[in-house]
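Below, chain A partners chain B and then partners chain C, in two separate complexes.
Let's look at the complex of A and B:
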């Protein structure tokens, strides 16, 4: 048998956050090797944090990601407050939730409209799609802008915000600023209602898969900035026990670590959250989801897109509810008294659970840090999905079609891949 | 209404667009808004809404002499790859997206300052001088003769 090796160099894994690589080797009509390479900046940040004052941590971890800095700050704040046995109180807890809603709004709006949508409407770029569907792109940009402004309201700026601190916020918005924001949030309500129906009507590949969903779960609310870690396989643990159940392993082809739950891949992110928290949806959101006729929990990975649309609505509903009760506090933060200890934080970043652990000494200096981002948790699941999806699609398909299907599958997870290289190669080897 | 948008980041000469905005503060007539934007990506488009004219200032790397200022037409930004990741979604892509959606401002001016380096804090002297000179010339045009725009829509 002669070997035919085909190498395609494309600016690959386009329309994702950052860059990554996929290698695929097909022999005798079988997938012999399939590897998704992701370069992970949190690994370096863990070292940067050692020896730093606790008060510096939120500004440092915000730099891990330009799309989900709020998630990094909120997981870190929770973990450090856990280490210092500090309760920031109900005002801070509520306003952190609002702050976080801004991040969900902007990240989900960006992903649905600018990153994923061309796959479902049959365009190879957002620019081509924009010519035919300018209204959809306009809605995406408007929702993204609103989310950014909501982050700015508490964070001072939307990229790498500076407003949050251990114990609360450096400053609190004025009543006027909150009133203006409320009017804008209310104005987008009908739009976000329509978005759920519209996304549900998009043609989706019908492909049921077996996977374990893992998400946070809160006693009353749809999970965002706090909760226990649960799965649909019966897991229900304190976030401090994460490391006893979830292990990370190195794979030779990748700088990233693969997180596994009891040795198996699992899913974190919008679809897993929705699957596990249907009874925590606000009433208005639940009615909209039921009206789509699509049943959840869902095992169709492509329903992640609908889950994001649902969570945009959740973010609006929650931000409005909490800001309607807004009062300007005497102080937007509580005093911090560092003490030695280990603290844990876990929040729901737009892409899934973001878990932090810090060891702090008696002077409030960070002695060790561990950050587990959602994309590394999903990496094994993405590979399993690719394996299955490409077999179902047909390995005899042309390279270009295989590439597009693989990218569509990967993009559906909204992976946050930071840039190691500017171009990612998809290499297909056929034998 | 005219909006002058300085696009940049805190990295070295990439802040050139911001510096032009700083120099223009307090020197533009009513009806002209100044904004410094940090790598807006596709979100640039929201700042076009309702404008009669938009002036964009960004740093560029085109192999020229650091500090060289060029006025670019929209066509000059063609030839970039489609479908970049969000990290690669720069000014040219945002303008192409705006074109596809039909939301380009009726009149547009693009000024690019050739950057020297991105490593240091603050601008290199050539780029600093160029930002100051561009601000002088824009302040003059905004206050008197009017900005030299490319007309995109009648």
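Let's look at the complex of A and C:
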């Protein structure tokens, strides 16, 4: 009897935010073991939030993630205002949405062009890709830069912005600044239309699979900074009821916690949002999506890339709509009167639902905090997808092709293992 | 002549400082033409063990594996530059150093804490290896990063901008939020680099760029007391994003007991 054991050590999973490893053992043509290990060194945010003042929270939670600090600030602001029973009013609501559009633009453009596209076009990095696709890369970098500047308009800087506070914003942009931004947003509108068509034309693996989509849903708008939590399996709950349906478990190979919905993996993020909110798309965006000929809701996880391109357009349309009605308010925030209580916040980070809960005392001091980021929610789904996708791809494929397919599947979720990186070591053992 | 080789390494951090490169737009492509990027995982370059001329390091050292890895990075790099508050002063996560909270916090968050391997303290890179140049900020300022790259490529030591946020406020014609509104601004002791963002937004600086040169922290603490801040709030101002920078740590600890969680 002959027995062949192949062990491959691939130095790194590149183009993700974070540190992890994938272990794959194949025996007799079957997957015997498969695990996505996350080694993100824990930084214990939930513990050092305890004892801090409510006014410090937005500056603390931003530091969980350099790619989506606005999401952390908006979930926290919503949760603390819930605890203080504070309504910051329509101007703050609208401008938070614009602020958040900046982050979607920035993060999605970065993911599509710098992290994901090299897989589909056959390059290792955006720097190499730029030599052959200069126009596509420059369009992507412009959209990313525009997103960063939109965050700057309300936050001063795009990484760990300083403009937001519980109750609203510290300051409001001038009419001149808003007019200048509007002109730039309008100028990129055709670019973002072209991006949708171009991404839709890329060759995608045709691989339908079964999964549950979970996203926020709002009575009128495409979900961003508020909504109920819904699924395509009939879930429809207030965000305060999240913990009754979703549980996190800790597994040995991971410093992230695995979130499950009634014990099962689920998907959160752009594809889940689009699948559940097609009827909330702005009219112009819906027409563009229909023109691609690709039908949604989609069961093909690779359509996440197209969903991001679609959401870039949504962000532009929404930012333009809201800024066209811009007025500079007498005060950009409402006064905060701390009271003891528990508050919940959930918003749609670029990568999916970001859920926060805070217990606050009568002096506005945080007594307990819980943060559930999108990547820990998607982790179980990523493993299920890997299992299924590699079987569909064919386990007899060469190790290098298997590795590339596995990395592409993982990147598709835009995992923000954030907060740590060294390697994704892929070890394949064959027997 | 071959192009200078650079690497960007990440340790315990939020990824925000390496965005100084990824958010640089056209400058990122220019940089790609000027230098040979050997290692920068998020950008798609994976050669951890490559010898390089300049290594940029983001993140603090917080696990046993990271201690080993930073030593290898040092051995392979001609110049080592820290990128931001975590690498330079331990960052926000170094708040766990204050009360030696690591073990308690691990037990509180993880069902199976025995699987989590962390050091008791989150430490700056210079606690483990020699650092040639430090870039402060949470996050770093992209302009300062690219300027440092240019200066190093020209073979000169990067300019160290160490004066205070107050100076920047004056240059920007920003109205002083402490004098006019009585806000507990950290600008008088904080290193410039952000462009005096917070005062320009009408809020008090929270010291994300760390201590300025000759920071008179005791005088500022007295002023904060004069504004009506109780000791625990004075401690909160100093013990925040750069709690392990010596000037801030010493002043903060003078006001810290009995700690934040129990006040």
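In this section, the second predicted complex is superposed on the first by the 412 of 431 C-alpha atoms of A that agree within 3 Å, B and C clash if a C-alpha of one lies under 4 Å from a C-alpha of the other, contacts with A are read in each partner's own complex, and residues count from 1 in each chain.
To be clear about the criterion, a residue touches a chain if its C-beta (ideal position, glycine included) is under 8 Å from a C-beta of that chain, and two chains touch if they have at least 3 such contacts.
None of these values were measured; they are calculated from a predicted model.
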Aligned on chain A, chain B and chain C: do they clash or fit? clash
Touched partner set for A:264, first chain B, second chain C, both or neither: neither
With both complexes overlaid on chain A, does A:201 touch chain B (first), chain C (second), both or neither? neither
Touching partner for A:397 - first (chain B), second (chain C), both, neither: neither
Is A:157 contacted by the first partner chain B, the second partner chain C, both or neither? both
In the superposed arrangement, which partner chain does A:142 touch: chain B (first), chain C (second), both, or neither? both
Name the contact category of A:125: first (chain B only), second (chain C only), both, or neither. both
Regarding the shared-chain residue A:174, is it in contact with chain B (first), chain C (second), both, or neither? neither
Using the superposition described at the top, determine whether chain B or chain C touches more residues of chain A. C
Following superposition on chain A, which residues of chain A contact chain B and also contact chain C? 11, 13-19, 66-67, 110, 114-115, 118, 124-128, 130, 137-138, 141-142, 144-145, 148, 157, 159, 419, 422
Residue positions on chain A within touch of chain B in the complex are 11, 13-19, 66-67, 110, 114-115, 118, 124-128, 130-131, 134, 137-138, 141-142, 144-145, 148, 157, 159, 417, 419, 422
Okay, in this complex, where on chain B does chain A touch? 38-39, 42-43, 45-46, 81-88, 93, 96-97, 100-103
What does chain C use to touch chain A in their complex? 10-19, 22-23, 25-26, 28-29, 32, 37, 41-48, 59, 62-63, 65-66, 69, 91-93, 95-96, 101-102, 104-106, 108-112, 115-116, 118, 122, 138-139, 194, 197-198, 200-203, 206, 208, 233, 236, 240-241, 259-263
What residues of chain A sit close enough to touch chain C in their complex? 11-19, 39, 41-48, 50-53, 56, 59-60, 63-67, 69, 106, 110, 114-115, 118, 123-128, 130, 137-138, 141-142, 144-145, 148, 156-160, 162-163, 165, 170-171, 249-250, 252-253, 255, 365, 416, 418-423
